[in-house]
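Each of the next two complexes has chain A plus one other chain: chain B in the first, chain C in the second.
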Partner chain A sequence: MFTRPDRRFYRAAALLLVAAAAFVIATLVIGGGPADAETVEPVAAGTSTATLVIQNVINGLAFGVLLALAAVGLSLIFGTTGLSNFAHGEQVTFGALLTFFLSTNEQVTIPLVPGSFTIGLPLWLAAIIAVIVSGGTGWLQDKLLWNPLRKRRVAVLQQMVVSIGLSLALLNMLQWWMGASRHRLTNASGGRITFGDFYIGTQTLMSVVIASIALLAVALFLLKTRLGRATRAISDNPALAAASGIRVDSIIRLVWVMSAALAGLGGILLALFDNGAGFDSGARILLLMFAAVTLGGLGQAFGALVGALVVGVVSEVSTVVIAPDMRYASALGILIIVLLVRPQGILGTKERVG
Partner chain B sequence: MTAATQDVLITADDVWAGYIPGVSILNGCSLEVKKGELIGIIGPNGAGKSTFLKALFGLVPVTEGKFVLDGDDITNLRADQLVKRGIGFVPQTNNVFPSLTILENLEMGAYQRPQAFKERLDVIGDLFPVLIERKNQRAGSLSGGERQMVAMARALMMDPKVLLLDEPSAGLSPARQDETFVRTRDINKHGVTVIMVEQNARRCLQICDRGYVLDQGTAAYTATGQELLKDPKVIELYLGTLGA
Partner chain C sequence: MDILINALEQMFTPATAAFAIAAIGLNFHFGLTGLLNMGQAGFMLLGMYGYAISIREGLPMWLALLVAMGAAILFGLLLGWPTLKLRGDYLAIVTIAASEIVRYVGRSNTLVDVTGGSLGIKGKDYKGPLEELSPFPDERLSVGPFTYHGSASDSWWLRVVAWSLVALLLLVFWRLSNSPWGRVLKGIREDEDAVRSLGKNVYWYKMQALIIGGVIGALGGVIWAHGSAVVADAMGRPTTFWVWTILLLGGAATVLGPVVGSVVFWAALSLVRAVAKEFIPESILPSTAIEPFGLMLVGIALILIVVFRPQGILGNKKELAFHA
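Up next, the complex of A and B:
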């Protein structure tokens, strides 16, 4: 059910645009371009709570956009196949770790392959290859696993259990491959852009820009292309889509490729935002991705974005009052409250019956 | 081949089909549809009326026998292949994409022939002008009767040779039911062969060229709609009274 954006969406989008515009203007006017990270330390001890909150909102929005990118595939797959894919977290991790594997100057190994070596590609090239390979893993798992299960009419609950098993297997394989330590994609400090009392890391800003472009591309794909509209038709009613002459299985294959590629890109950008990734990076945010998707409205592609922004902001701002370790719990608390008030999620719609 | 057999569009030849292996709903069903005909299929609940349409459209597996379209065996083909060969199917329920606009619903109908979309849209616009006026409205916000229109229009976008309608009048108000039957007749007059399955046997027989009475998964008998309306057995079993 990727509904066309209605008024509510435009209102939310307008708000976001205004916020983004204010943000950019503030960056340009107050900040005056990139500052040197070594010399600037804007948020000093004794900063007022208001300042702290706003800084956390900025961090939260950045995290939210990246989380949305990682989660949008989860939403697409749920929408078209009904599957809650618990192995999506490993897809996110895989993108980040493969980028590290291809770009690092350290010695890397492959399990069962003797010897170690260095590939050392430039980061951007490694990231592009990692996104393509991620998409390939989506193609492969639909070909070998999910499509045969659908063909045999295995119910989505059983498929979900399969995905939990797959998630655990992949998690262990990722640890076998990369060990338990965290890996940094880049050692460059990157610097910060400051505006008044606030700042954002240049690496983070770049990640957010890339993620926003990718999300925009997904939205345009769903709304403006024939394939995208067919994808929405399948999430509405797969049987009718088939009766209209749409080859449902090929479009679901495409959705798997897209979802896995987007998750991989999300993983890479989150690793830049987070200063590194480990074998369990994706698993740690899996529940947050589910929360974002559910919060926004299950199966609504734009719901993932709205939900992720809420999750990001709430989890970051909550660190002002509660221990940082608890911040994800507060985001999941918000999920419960929103669902009590709006069971269909923020953007979810109720259909007229008959 | 005689002229009569050349005119045959669809043949069901001793078709056995069912949802579960070993439990068949259609038990050796045979019937014949000629080009340009409007065929009504009536029968008691559980006679296999809807199953017949679904088996023809590949949604229920056929275990024995075959369906032939224009001389080609089309038994158990995939839905998209049947659409390509010129079969349009309108399911009884859930027959629109609720979150898509009317225009997008129609675009999905022409999915295999996007280059013909504009041209077909004009044709459909003549049949259903109201749909074009409201083309940007989401189908999920429409009433049952309006959805039925969208569903028929979607199925007609590929310019099918034959249109399969599964109980198009179900759940509609009497006025809307009438409209649906009149529209079906219109579509048929435009040259589209129509096979409709109906609960409303009287109205269905009034508009169709020929009716089939299905009973226990076989085509019990066939005659013109007018003949069946006067047939004592049909009156007793399906029409209740002689009626109007």
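Up next, the complex of A and C:
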């Protein structure tokens, strides 16, 4: 299912650009709704709707890239195993909270271990360790849970309900560990870069650059390496891949490690973008990740990127017209509309899906 | 001893009945038809809003109930229309997304005059009509170790109404699941293509199941609202997952499964909390951690049920409802 970007890709991308432009123009025309005054980061009062929309597009693209990084693992796992993993949101949270745990100067605790202590590593080191440990949880999960389930030939839908149970367990474990409050990874305000009427936070810019590099690395891995080719082969046809000598189980193990690590990294960068993370920040964006993956076409690795950019831009730009506390609702609404007209997603091939 | 009485009490609360009703609805979706509705909380929330807002605006109770059910029917049509032709997990993703949209819109400040925003609608705005029907006296009554108010809010009267509704819906489920109509649904669950080749309109049958289950979910929401209040955030994704745990615990596609599941679920959760509070020292498990600790066990229980006993307590292994 992972194809090289070909004509179809460019056609879809062009279509998407036109759609996005139409959306922006439509917002400009309708624009200036009740929410102007209370957007998340209001530009100086008195700016025109056009400026506001473009600023929101910038924020939305940044959010979209980070969302894509968090969601690409969801897409990889779906592609290779057919599982819609509802516990993916908790992997995202885990990366962010572990980074906080390792780098904060506050007292931290571990459940069931009495006493508190401070670790206080530098942020970059904490983040690297958190990504590695996240990958480790992916390995462990596949080793202890998913691989045995596949061996027992448990149906995919049954596995999906298992992942829901896992999500519920992990979410509450995280709350037990870190409490219900939000935690900031860094207190530095970072400042912002302005160009003309628009700006982007330095922290956000750095997060976006790191995320783009990671996404590029994933793309190169899938397209250029033998392991990446093997992964795509399994997505296309697991039985055939096994018959041609690909070790399906080890590749799937690798996919789990990769997607958990990417989710962890995505969580850290989203926490920087969002000024903090709580025990439920991954759960909050789980549906946006599903929307991104489904929009792009379930199981299409590059689809996750396209879908996430759409979700990011739509949710941010919609705040121009509707109240900011409903912006995620608009992204989920887009998901339902796209499924109506193009159920295979933007990049998906036209095949019978029901 | 108090712990046991408390657990016994939990078995028959209006909330337990409300979850049993929502699980009966889900049993139409998943147990009979194999539909993965991950948005049962959305149906419940719509029912609550439809009922509470109608009564607050002065409609009589029977009309408010019709509004609640009508909202669920519309929601079911809207969700089923694009997704029932697609693969099962599409329905799962769309229903969960749609029920979150309902919650986001309900708690949004934009509609604070209608839905009360994130604070919700207060009980006194909508509980009146049902409580006026109560034949019980307007005071606290004790039967054995249990003491509740006769008719107000979390009362004996509400318990009687809620569990009568549960009994009625069980009867409906039992009759419908053994009717020719129910057999077609089971056929769709087992092999959709076979049923289609017999000339049945599979899409329309699935739609009917989705709507009936959703309407029952909305009734569950109304009962729940009478026991506490209408608050959007109480009907988030965890609620849907609890309903699933209850159905799978009791046994999907069985008549009594949802009720057994709900009773066992709430009693066990209460027992776990009480025992954890009583016997694990504060230094190891602080009191703020008891709630997440209990819910973490719910998640683990869900995993174990699905892996080791997917047919639940009452279910029949031959009638497993999981088909890929």
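Criterion: the second predicted complex is superposed on the first by the 316 of 354 C-alpha atoms of A that agree within 3 Å, B and C clash if a C-alpha of one lies under 4 Å from a C-alpha of the other, contacts with A are read in each partner's own complex, and residues count from 1 in each chain.
Quick note on the criterion: a contact is a pair of C-beta atoms (placed from the backbone, for glycine too) under 8 Å apart; a residue touches a chain by one contact, two chains touch by 3 or more.
None of these values were measured; they are calculated from a predicted model.
> Considering only touches as defined above, state whether A:Ile110 meets chain B (first), chain C (second), both or neither.
A:Ile110 contacts neither chain B nor chain C.
> For A:Arg226, using the defined touch cut-off, is the partner it touches chain B, chain C, both, or neither? Pick first, second, both or neither.
first
> Considering only the touch criterion stated at the top, classify A:Asn172 as touching first (chain B), second (chain C), both, or neither.
In the superposition, A:Asn172 contacts chain C only.
> Contact-wise, after the overlay, does A:Asp236 reach chain B, chain C, both or neither (first, second, both, neither)?
first
> Spot which of chain B and chain C makes contact with more residues of chain A, would you?
The larger set of chain A residues in touch belongs to C.
> For A:Gly245, is the partner it touches chain B (first), chain C (second), both, or none of the two (neither)?
first
> If you stack the two complexes on chain A, which partner ends up touching A:Ser84: first (chain B), second (chain C), both, or neither?
A:Ser84 contacts chain C only, not chain B.
> By the touch definition at the top of the document, which applies to A:Ala291: first (chain B), second (chain C), both, or neither?
A:Ala291 contacts chain C only, not chain B.
> Going by the contact rule set out at the top, does A:Ile132 touch chain B (first), chain C (second), both, or neither?
neither
> In the overlay, answer first, second, both or neither for which of chain B and chain C A:Met160 touches.
Only chain C; A:Met160 stays clear of chain B.
> Where on chain A do the contacts from chain B and from chain C line up?
Residues common to the chain A contacts of chain C and of chain B are 354, listed in rising order.
> Which residues of chain C touch chain A in their complex?
Result: residues 36, 81-83, 85-90, 92-94, 96-98, 100-101, 104-105, 107-110, 237-238, 241, 244-245, 248, 283-285, 288-289, 292-293, 295-303, 306-307, 310, 322-324 of chain C touch chain A.
> Can you name the residues of chain B that touch chain A in the complex?
For chain B paired with chain A, touching residues are 57, 59, 78-80, 83-84, 89, 91, 94-101, 104, 107-109, 111-112, 114, 138, 140-144, 154-155, 158, 171.
> Any idea which chain A residues touch chain B in the complex?
Touching chain B: residues 1-4, 6, 226, 229-230, 232-233, 235-237, 239-247, 349, 351-352, 354 of chain A.
> Give the list of chain A residues in touch with chain C in this complex.
34, 84, 111-112, 114, 145, 149, 154-158, 160-162, 164-173, 175-176, 179-180, 283, 287, 290-291, 294, 298, 322-323, 325-326, 328-329, 332-333, 335-336, 339-340, 343, 353-354
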